[in-house]
Structure formats: structure tokens, C-alpha cells
Amino acid sequence: MSPGLSYTLVITGAPWSSQAPQTALAFAQELIAAGHHIDRVFLYGEGVHLASALSTPPSDEPDWPGQWADFLADNQTPGVACIASALRRGIVDQGEQARYELSANNLRQPYQIAGLGEWVEGNLKSDRVIYFHGSH
Amino acid sequence: MSPGLSYTLVITGAPWSSQAPQTALAFAQELIAAGHHIDRVFLYGEGVHLASALSTPPSDEPDWPGQWADFLADNQTPGVACIASALRRGIVDQGEQARYELSANNLRQPYQIAGLGEWVEGNLKSDRVIYFHGSH
Amino acid sequence: MTQEQTIQATLHILNKSPSHPRFATCLAALHEGDTLALAENAVLAVTDSTAGLPRNCVALGADLEARGLAGNPNVQIISYGDLVRLTAEHSRTVSW
Amino acid sequence: MTQEQTIQATLHILNKSPSHPRFATCLAALHEGDTLALAENAVLAVTDSTAGLPRNCVALGADLEARGLAGNPNVQIISYGDLVRLTAEHSRTVSW
Amino acid sequence: MTTLIVIDQAPYGSWSGREALDMVFSLAAFDQPAALLFIGAGVNWLRKSQDAGGIGQKTVEKNLAAAPVFGVEQILAEQSACERFRLGEGDRLNGVELIPSVRDALDRFERIVFAG
Amino acid sequence: MTTLIVIDQAPYGSWSGREALDMVFSLAAFDQPAALLFIGAGVNWLRKSQDAGGIGQKTVEKNLAAAPVFGVEQILAEQSACERFRLGEGDRLNGVELIPSVRDALDRFERIVFAG
């Protein structure tokens, strides 16, 4: 076992339509606990819904978007939503709001919106790239 | 064949993760053309993403949320997103924004947010209730 | 529209790929006289050598064309308007 | 981490239900020495009488408990921390 | 006219089964007759001793056990799927009726709604 | 190190296959070696004469045909799936290599990514 590996995590399943964000969060917490480093969490496809600032589950249900955002902030881990996936699915930041003249923005802090190049960089530079897919 | 039936359409598949909104729209257009009446279009589960005002597909791709909203407005057809499904998935109107102190609202015009009672009423009063599910 | 002792002819709208478990369940649930309408990914069944389709089987033309299957002779092609007509003619429709 | 002639032992993380077509594809792709980690809906395989699981098979305890299967003796139970360790030990992981 | 809600998806992996249960309870709340049918991997919703705390979810077992109280007329399960997933009588929630074929079960109901 | 993208889902019913193609083209754009494998119902992406105008989508056939130009090294397809879906040589896009087993195909690549 190599201690201190670097990971990119890719989440393609949305909260509520899949268990992917939950499994990925438990995995990410244990990664940090084991002394590994997370280069970035990349949201792709349906996974971009995890970055919605407006998700408001009932108070007696788990709040995966909120828990994930707290984790990213606490660990200063970059969270990146793929721009193409996000725009289609209505996840936009202030810049996209201005560019497309939209009525609002809803990208949750601390996520950034960026291209697939972030994923390619993970492939090149991270020791591990682990995917968390939907259940279909 | 009975002319002039009343329909409730239920869409449970999201745009981009399923073909359901597209099939449902083609079906709805033909319903109107055949002289039938649509009592309501009810978005449930993943289907609520169709009501996002922020969905911004590339200009050379179909814009199902935009096309559906135009259809509803042109035909004065009520579009209803289930409140429980919508809140979890980050689709909120001004009222929910205020109630939960959210940073924005993103429910597309002319959709309304309401409870499953709207679906129950469709079961009771519409001649037909037709479902458009995701592909999983 | 009251429940009858004998179930009336039913329209089954199936949009799942032949690989999806719901596909086989649907085919096993059909009665003689029912109509099966293939939509979306389910139209792949017309070229699936393992799918035994019933006699009363129709498929949406737009979905066949998208998948390069419009020339397939195994099935009766319908339009979205035809699908509307089928739902009006059947008081019982199941969406799989 | 260069490509070797002989493929090294691989970790397969499978989260699909045994009814999902990807489940059978995964089981058919395993090599002797690979490890299969069942997660989410895939843990139902431990109680599926039609699923032939390989010897090197582990399953997430939290997912087994959720589905009432924590007492099932057919599989080695792992934690999320164990799953992290498995991904660190294997230079090749496939998420199904 | 009783509405039958059919759940064929495995529990906890997605929210669609829960949202189908919400439909059943909503019908019951409006005094509309409703029933549930579990088929395929969906029968695993009916297993006893579920504990979803470790995956951060609420267990649905109590909701299902309370279904008759809330007016859900019947809970049906596909027999062959119960056999496949080793869900014997002692493993299942009480009050579940096994049905030999999905086709026969569907025939009993005028209105059928699959989980999305 | 070549990355193999695996697509096992039927075309047009969801966007996941298209988004997997975007991954392949993105690798190629950054001069990273990439290959595609179609298995199960996914082999139907490779059929000729697709015309998705009637469902309001763009046809992917041209994107796939252009894949080699953009640097995608190989397009592989599962032989048994092609047989199942009657996708003979004349029905398929040119330049597709049939592979007898998914296991052997995966063995050729260090890095495997399934469509989401």
C-alpha cells in the first residue's frame, strides 16, 4: 500500500436519482482520514446536480449537496462541475448567468465550472481516478 | 374512438437523462391537434428538471425545457412540478425561495409548484393519465 | 369507466431497451388482444434476434429512424398521432 | 505506472443491481486474482440465488445493513475505509 | 377504481421507489384505493431488519409496515423474485401476498402505475 | 496510456453515450490516446443511416465516423452484441473492430471508463 496517493473523484450520478454522491462522500472522507490527497472532485453528466445551491431536501432527510459542499470547503478540495453538462441541466454560475442573460445563478459554493480539461488533467496527474456512477 | 378526451400527462424522466420530455411533447402536440384536452402536465421525480429556468443547452441542440414552456403557454395548459420532488432537486419558485431563504429561484414560467394532490385529481377527473418515464 | 370482470384490451407503451429487465417483464404480461407500442430505446427490439415480439406490435417511426431501423419489416410503424389515437381507443394504458 | 504485458490484478467496483445488464458483464470480465467490491444495489447479489460470485468478493457493510443483509455469510464485509485501501493497493480500478 | 403502484427497482440505490411510495400514500390520504406490487429486484424493499443509517438514509421498512394503517389495500410481491432473492416468509414484512405471475397481478387492477 | 471509454447504453434514449463521446474527443483534443468500446445495446450507436431529426436530436453517426480523424485510436464492438442486434458488416460504420469477448478487450487497456 502506498500512503499519500493523489486522487481525482468523478461523480456522474445525481443525488436522489442515485446513491453515487453518498458513496463518493463516504469514500472521500476515508481518503482524507487515510492521509491521501484529493486533487479535485469532478461532476459530470447527471452528477452536476450535486452542485445546485437550491436543493432543499426535507429537514429529516440527508442533504447531500450541503454535506458535499461542507466537505469541499473544510478540506479545501476543488469541486468542479463540467460546463457542458451543467449548462444543459440548468446549473450556472454568475459568469454564465451574465453571458446567457439568465434570470439567476445557482452554483453552490465552493464549486467552480470548468471544461473536460480538468478531467483530462486528473487522468494525467492524479495517481488514481475513481468513478461514482448512477444506478440507472 | 372518443373525440375530445381529457388527459393528464405525467413526466418522470428528466431531459438529457431520458427521452421522456421529447416523446411527451410530440405526444402532447398531437393530442391538441386531434382535439383532445390536456388538463395538466405533472412533473414528478426526475421529471421536475424539465421546469428549470436556467437550463441552457448549446444553440445547435434541442431546448426541451424551452419548447415545453412555449407549448404550455401557447395552449394555456397548466404545468405542475411536484413540490417534494422539486425542492430536493433544487427547482424552486419565489415562494419557496423566501420560505427557505434561498439565494435564487429557478422555476420556469408558466410552471406552478404543487403537491401530489394534483396528480390524484388527474386520476379522478381526467379520462386518461399517461406516463412518460425515464429510460434508466 | 368501471372495473370489469374481464380485463379489456390494454395498450402497453414500452420505452426500455431490450436489455432492461422491465422489457422482458412487459412482454410476459401481454394478453392476446393487447397492443404493444415500442418507443424510444425499446424500438431496438425490432432488430434484436432474442426478442420475441407479439403480433399486435407497433413502433414509433421517429425512434426507428433515429436508430437507423426505419427500413425494418418486422413491425408496423406508427406516428405520434397514431399513438395518441391508440391511447384514446384504449381505456387502459400501461407505461412501462 | 506503465502498461504491462500481463494485466495486473484489478479492483472492480460494481454498484448495479443484479438485474442490470452491466452486472453480468462485470462478472464475466473478472480474472483470477481480481477483487470484486459490491456497492449500493449490487450488494443484493449476496442473496441472489442466480448470482455466481467469485472468491475474491467483498461488499460494503453500510449497503448490506441498509438492505437487511448484514448477517449474510456469503461475502466478506468491508468498510468505506477498506474500499479506499483497496483502491490504493490496486493501480487499476474499474467502476462498473 | 384501485390504482396499483408497481416497484421493480432495488431499494436505496435511487429515490424512485420512495417517490412511488409517496404516490401510494397520497392516494390513500385522498381516500383513493391503492395497492402496491413489488417485482424483480424491487422485492428487496420488503426485507426485514433494514438499517439505512450507515448510508445516511431513513429506513423505509416502517413506512411499508404502516401502509395498511394508511389505507393501502394490498401489498403484493412476485413469488419467483422472492425465491430468487431468498426472501422467505420469515424474512419478509408481514401482510405481503405472494402472486405467482406479474400478468395475473396486473389483471386485477384497472389502473397501473410503474415507479418512474 | 490509452484510455478506453465503454458505452453499453442504447443510443438516443439518454445523453450518457453522447457525454461519453465528449470524453473521448476531449482526450484526443489534449493529445491523450483514447479508444472506444461498444457493448450490449450500446453497439446500436454504430448502425448506419441514423436520422434523429424526428426526435429533435442531432445524429451521432458523423461524430463517430470522424473519430479516427480526431485521434481516437480504435473503435471496438462486442461481436455477440452485434450478432444479437443484427448489426452485420454492411450495417456498421466503417473501421469498427469486432472483439470476441469484453474481458479480452478490457485487458488491452490500462485505464477503463464506463459511460455514466
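Quick notes on this one:
We call the chains A, B, C, D, E and F, going by the order they appear; numbering starts again at 1 in every chain.
In this text, a residue touches a chain if its C-beta (ideal position, glycine included) is under 8 Å from a C-beta of that chain, and two chains touch if they have at least 3 such contacts.
Computed from a prediction, not measured in an experiment: that's the story for all the values here.
Any chain that touches subunit E and also touches subunit F is listed here: A, B, C, D.
Using the average of C-alpha coordinates as each chain's centre, D ends up farthest from subunit B.
Seen from the Cα centre of subunit A, the chain whose own Cα centre is farthest off is C.
Superposition angle, subunit C onto subunit D, using Cα atoms only: 180 degrees, a multiple of 5 between 0 and 180.
Per-chain Cα centroids separate subunit A from subunit E by 33 Å.
The mean-CA centres of subunit A and subunit D are about 24 angstrom from one another, to the nearest whole unit. Touching two or more other chains at once are residues 9-10, 12-13, 15-16, 40-41, 55, 57, 111, 114 of subunit E.
Within subunit D, residues 1, 15, 17, 19-22, 40-41, 62, 95-96 each touch two or more of the remaining chains. In subunit A, the positions touching at least two other chains are 16-17, 19, 23, 26, 45-46, 61, 84, 88, 131, 133-136.
Note for the complex: subunit C touches subunit B at residues 1, 13, 15-17, 20, 22, 39-41, 60, 62, 79-81, 83-85, 87-89, 93, 95-96. By the touch criterion stated above, subunit A contacts subunit E in their complex at residues 16-19, 22-23, 26, 60-62, 64, 67, 134-135. On subunit A, the positions that touch subunit F within their shared complex are 12-13, 44-47, 84-85, 88, 115-117, 119-120, 123-124, 129, 131, 133-134, 136.
For subunit C in complex with subunit E, the touching residues are 1-3, 7, 21-22, 25, 28-31, 92, 94-96.
Considering their complex, residues 9-13, 40-41, 44, 47-55, 57, 59, 61, 83-87, 91 of subunit E touch subunit D.
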